[in-house]
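Each of the two complexes below includes chain A, the first together with chain B, the second together with chain C.
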Partner chain A sequence: MALPKRDELLKDVNYDRMPSKHWMDTKPEFRPGTYCYAAEPSVVEDLGLPNPRKWQPHDEDWKLPPNWKEIVLNAIKDRMERFRSFKLFMDICVRCGACADKCHFFLGTGDPKNMPVLRGELMRSVVKGEFTRSGKIFGRLAGARPLTYDVIKEWFYYYYQCTECRRCSVFCPYGIDTAEITILAREILHEIGVNIDWILKPVRFSAFVGNHIGLQPHTIQENIEFLLDDVEEITGIRPEVPINKKGAEILFVTPSADFFADPGIYTFMGYVLLFHYLGLDWTLSTYASEGGNFGLFTSHEMMRKLHAKIYHEAERLKVKWILGGECGHMWRVVHQYEDTALGPAPKNLEVPKSPITGTVFEHAKSTKIVHICEFTADLIAHGKLNLDPSRNDHLIVTFHDSCNTSRGMGIFEEPRFILRHVCNNFYEMPENTIREKTFCCGSGSGLNTDEYMEMRMRGGFPRANAVEYVHEKYGVNRMACICAIDRAALPTLMKYWVPEVSICGVHELVGNALVIPGEKKRTTDLRFEPLKGVEEEA
Partner chain B sequence: MSLKAQKILKANISPIFEKVRDKVYATFPKETVRFLKKEVDRFENPLGYRLEEGLKGLVTELAGDLSWEKVDYFLDRIIRIEAVQSRQPSEALAFLYYLKSAVREVVGEEILEDFGPEALLEVEDRIDAMLLRAFNHYMAAREKLHELRIEEWKSRLYLLLKRAGYLYDLREGSLPPEAGNTEKTH
Partner chain C sequence: MNVVAALVAVIGMVIVVWFGVGVLKLYTLFGVLVPYAALLTFLIGLIYRMVNWAKSPVPFKITTTCGQQKSLPWIKHSRLESPANNFEVVLRMALEVLAFRSLFRNLRADLRGRKLYYGSSKWLWLGAILFHWSFFIILVRHLRLFTYPVPGPIKVLDAVDSFFHIGLPHLYMTDVAILAGLTFLILRRLVDAKVNYISHASDYFPLFLILGLVSSGMLMRYFLRVDLVSVKEFVMGLATFHPKAPKGIGVIFFVHLFFISALVAYFPFSKLVHMVGVFFSPTRNLPNDNRRVRHINPWWEGVPPKFLTYCEWQEKFKEQLEQAGQPIDEDCYKEKKS
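And then the complex of A and B:
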């Protein structure tokens, strides 16, 4: 007796995630959850960017300017002339495939166009097809294609499915940095008004008000007072938070989410307790109240414009140097562009020197900006902090290297050094998922918006997969990180994949462990969660 | 309750698993399948690792003394991936349909010959039961996604909402606990 073949029933149901056509013939499908919304026309207009109009990626007609093709080709040519790196990247790839399986979006989506080699090829093929003779003659045989409307849609789809995390570049034998290709591809798309709301709104607020959600100075102050109420209730101490104080020694710049978003606010509590403990002469600025710089995801010019606010405030407030909080891409901007595109620093700034230990931060000689983890690690190394790590005993901690601070800047040891001193239970994730090989949270580079939830859960899957491993093996229940997008995106990622693990900044744990003269006996951590041993006593 | 065809199934766990895996992989692009099959490190290839772990687990449970606790575990792990990967629910749960096909193709005739049609129906009923359970997992994952979208907005504006008294706070008890999530708003 021959059994019926069940699969035949499915013959007419198209379950292929990707049709087996040539990649150049495959078009992206704009399904909700897999793309970000387009920017509102008023935002585009306010920023003086081209082609403000109402449109959405799922529309058939994107209302591009009539000469869109000319604009794009000129933009490519312009970038190739201005950036040698870009010109090289458009030329030297030998398609060895070393990068192919290194992208978290490829690992999480299984979509071959998320292989970095192919992501680069999306642009490379057009450069070849439009600018080279061999490309024009041999076309597809030479890996070349013309620039079409569909190519623009494809670029938008895939260059906003790259978080500019740079993991692929670690494995490229030629040093091709796909993140830079993405950065420039987005910059080029902006010229014809192809953009996303989640990036341009924060850019507008940062430019016009000073931070991503447009908190006015009085709101920032009220929020901080509200936070200090909690700090006082927990520790019995009410630290002073100077705002726009002229003549302070240090200007402190941190992602604005630390003033109002959960769990960034607990990291902020950690900062202010530390500064109180040290008696630091510092100030916040309400005008440069944003460490994050979504200009990096827009254009080089926008990045420069937003960064300038920090230096202007440092000049206006006459501080000596700048201390930067736990932010991700802020540090890529500082580390990679400060000395070239964004400098020089204002003349009133001095080479940063820790007023407590006397350490001169030589590496920040020209930028005048020091990372708070460098600052705190130096304090601990000099024995300047009285720490009680047992106050973090209710937590079993692992550390997520944020892409920008690790691969974009090279901070690996300082946060780990701090964590080992402020908590007793610290476990690393597997070697191929940390340090320079760290997996992205899946929401970086301005993609941490809710309409993009499904794609974010796919992109963050490799990271979550490694967290799950240490959760099962060591009972890890807390992941520390030093990036505000991580603190915004990882809690969501964890709640989907590993709900037992919560997220915090490194300085939240410092705030928990710091033994401050005059404080009351602590019974809870900064989240009002009971310390280990306290519940039993009660 | 053990199945009449248990022996046959147990002897064929590997071929059934391979068959169903290949059917599931056939829905991915060729280039991706090459990678999914090649890379064995569970951290370098989380998708392949989890899909294979889950499918193997389900085949083993099907052939053994099915424990719903274990079946739920494997279903949940596969479906949480499918819930964010697939375009439609039917696509997300198709892997169980493929499991049925794989069983038929690999051991169907043998079961029919040795034990008659009842024994095969028995096996297929088990898979149907798994498929019903799978709906629970799929819905749970999708609902979780939507819940996370809302929660993310709340935590993004945490302090502003808290100051306005809009958040349930365990310590202040501004809302009865049954009104929502008992967690402290995150």
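And then the complex of A and C:
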């Protein structure tokens, strides 16, 4: 599965050339690089999910249960009864096509079934064909078809070729949200044991250990100690990282990748330097050690199960409020699902109030969870941070809005406000590719796996294309973001499309710029890369 | 194929009416029974549709945020794109329903080599606005046939719509606009490769049906003149539930009447319900106040989540916790004893 060269990848892509065959007559080709592997039976079994077995999507026989059709139809009916969104989105699409060229997977593949309208139609056609009389009578004329084995394969292929980014839903005149359809389609597929390993493995680890890669409590601590060694070497300061501290004021929850994965670790260094500078009374939890939630990519029930530990831990530790780190889908869950799924918040939690500025975060008064960018922006606005943005002068920075925090939360100004204060060179990408119109990294919703590389590079192309533009125009060499999947996926994407650009979290740049009393003169940034001007001096 | 099927269906309707009224003289069937049946279907169907949607709960507040959230007091939030309360939601919905806000955002992506370019693409918005607003105004204008005396506002609307006094009877601007809008929407489906590929016969059918409706109406007004007094008398009869068999009205009128009947009867069972459905759309009709106001999910409320609790976890990793010097929570054991 050699990945085609950068200039070759898109040579067959043409948005205005459609197949001669009707879309109901075309089948997906399970070509390596364009689909994810199936979950191992042990993983499926441990999670108590249906139909654990050895199978792969490229197999002819998927070993579905004998009554798979009945299970799927019942599952659809059940979701229609429980989700008005689903029922409505099946009814009101007029196929105006406004969404067609808004999907990054369509822009990277030219495959018509990646047009959000057709992605929805894959499900809509079955709903019409199986549940409505007109669909049964008029069939294809009404856009209806029966549910077949091939439809299941097609669903798997295309509902794992959607990153639930919601860009299409911004452009849809009725707000039809393909993410909602994809989430439910995946949920339905799980009922017959159609799943992917890259999502279910982290789900299992999260469910039984606490975080995505199964870091045990001592390992988390060791990792953090390593990071603190580096922080000490760079700044001369060794911040304290309280772990599982009862009675702390704030519980800090961040995606676990920030503990161990480059470049998230530098973001983590930024967090701890900031907390040290402020003298914050905070704690980390090795139990609630994961903000990310691959359950969201599995089912609503799994999302709830994995997220429950955060309030549970906040209650046990008797903290006053929760501070959340930089993560995209964690914040989709925190912002749009948590309070509903797991609230009301434990009684010991109070309306979040910054101990430094006294700002009461009224907008989070029910969930009691504040985004770290809201917290830091407030500090900067009150002049509480001593910042030296010139320490980021070796970087020419742009900002990538993550899908979930953009279209499922609306946090646009806070990170930008921070960036403008911690670095001197900040340039926006073109306006049609940022904020609510931002493009996905191409690997969201649990698709950042190696075997899916070709599709990731295709899906990430629109984002990379915008980065390349600012790289060529302003010399941008660093893209900041507030999402752990971005930090995992974008470096690979950049290496392929725009190798001159590296990726960081916003708080890494905060950590670079923060002038901390008692620190030594910094000569490098948190990555041990020399600061501007230092090389010449030496 | 799809286009032809839709076109044949609409032409078929003309033939049916022509045969039924013109040849068989079934005035009561086509003039009274069909319109009443259609109206009844419309009302019952639409109510059923809305009740059916309303029966399914909205388990989560999944607003699509298209602008800055309301967070810190010194950051201006986007009231229309990220509404923070119900009043702002009403504003957002009004903009969406009356001005097609989201469609106005439309862009066109072009790939040249390995570079993507985005251009503004407001044609669809313009076509949709022309079509929908003209249709609405034409409908309102028709009230002059249902009322006696004709209310002032409708007279004014009529005068404004025919302001340019072109031809006799004066040409309505909305007639031109709706034809332009419809033509654009049909051509777009035929010419744009992407839209053509996704179009079903059921996407062409309502367009042709409405084109037929509009054309028959215009033919009646401008060319095959029908006796307006008889039409009004007949329509008033229908409207007051004292239908009288129409006399001396041309077949063209019955074609027009049949088209509108077909349209309203078809309405609740087709994609045309988007007109009502948009108001139900949870990504647009909910405020982005999730962390401030708790949203209740009826099927989860009172059902506690099942998950690995801290104490279970501590049991599992006790050794590692002790080795690493992380605190052991004695409360886990107290609770067990008590």
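The rule we apply is simple: the second predicted complex is superposed on the first by the 519 of 538 C-alpha atoms of A that agree within 3 Å, B and C clash if a C-alpha of one lies under 4 Å from a C-alpha of the other, contacts with A are read in each partner's own complex, and residues count from 1 in each chain.
The definition used in the following text is that contacts are C-beta pairs under 8 Å (C-beta built on N, C-alpha and C of every residue); 3 or more make two chains touch, one makes a residue touch a chain.
Keep in mind that this is a model prediction, so the values were computed, not measured.
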| item | value |
| --- | --- |
| Simultaneous placement of chain C and chain B on chain A, clash or fit | clash |
| First, second, both or neither for A:Met115, with chain B first and chain C second | both |
| Touched partner set for A:Thr340, first chain B, second chain C, both or neither | second |
| First (chain B), second (chain C), both or neither touched by A:Val94 | second |
| First (chain B), second (chain C), both or neither touched by A:His218 | second |
| Touched partner set for A:Ser366, first chain B, second chain C, both or neither | second |
| Touched chain A residues, chain B compared with chain C | C |
| Touching partner for A:Asp7 - first (chain B), second (chain C), both, neither | both |
| First, second, both or neither for A:Leu107, with chain B first and chain C second | both |
| Contacts of A:Phe205 with chain B and chain C, given as first, second, both or neither | neither |
| A:Met457 touches, of chain B and chain C: first, second, both or neither? | first |
| Intersection of chain A interface sets (partners chain B, chain C) | 6-7, 10, 13, 15-18, 100-101, 107, 112, 115, 222, 430, 432-433, 461-462, 465-466 |
| Residues of chain B that touch chain A when the two form their complex | 23, 27-32, 35-36, 39, 41-47, 49-50, 80-81, 84-87, 90-91, 94, 97-98, 100-101, 104-105, 108-109, 112, 141, 144-145, 148-149, 151-153, 155-160, 162-163, 171, 184-186 |
| Footprint of chain B on chain A - complex, ascending | 1, 3, 5-7, 10, 13, 15-18, 20, 29, 31, 33, 100-101, 106-112, 115, 222-223, 226-227, 257, 259-263, 265, 430, 432-433, 450, 453-455, 457-458, 461-462, 465-466, 469, 488, 491-492, 495-497, 502, 527-528 |
| Residues on chain A engaged by chain C in the complex (per definition of touch) | 6-7, 9-10, 13-19, 23, 80-88, 91-98, 100-102, 107, 112, 115, 117-118, 121, 134, 138, 140-143, 166, 169-177, 180, 207-208, 210, 216-218, 221-222, 243-246, 286-287, 300, 304-306, 308-309, 312-313, 316, 334-337, 339-344, 359, 361-367, 369, 374, 377-378, 381, 406-414, 417, 430, 432-433, 435-437, 461-462, 465-466 |
| For the chain C and chain A complex, residues of the former touching the latter | 2, 5, 49, 52-72, 74-75, 77-78, 81-82, 96, 100, 102-103, 105-111, 114-116, 118, 124, 128, 192-203, 269, 271, 273-274, 277-278, 280-284, 288-297, 299-300, 305-310, 313-314, 317, 320-321, 323-324, 326-327, 329, 331 |
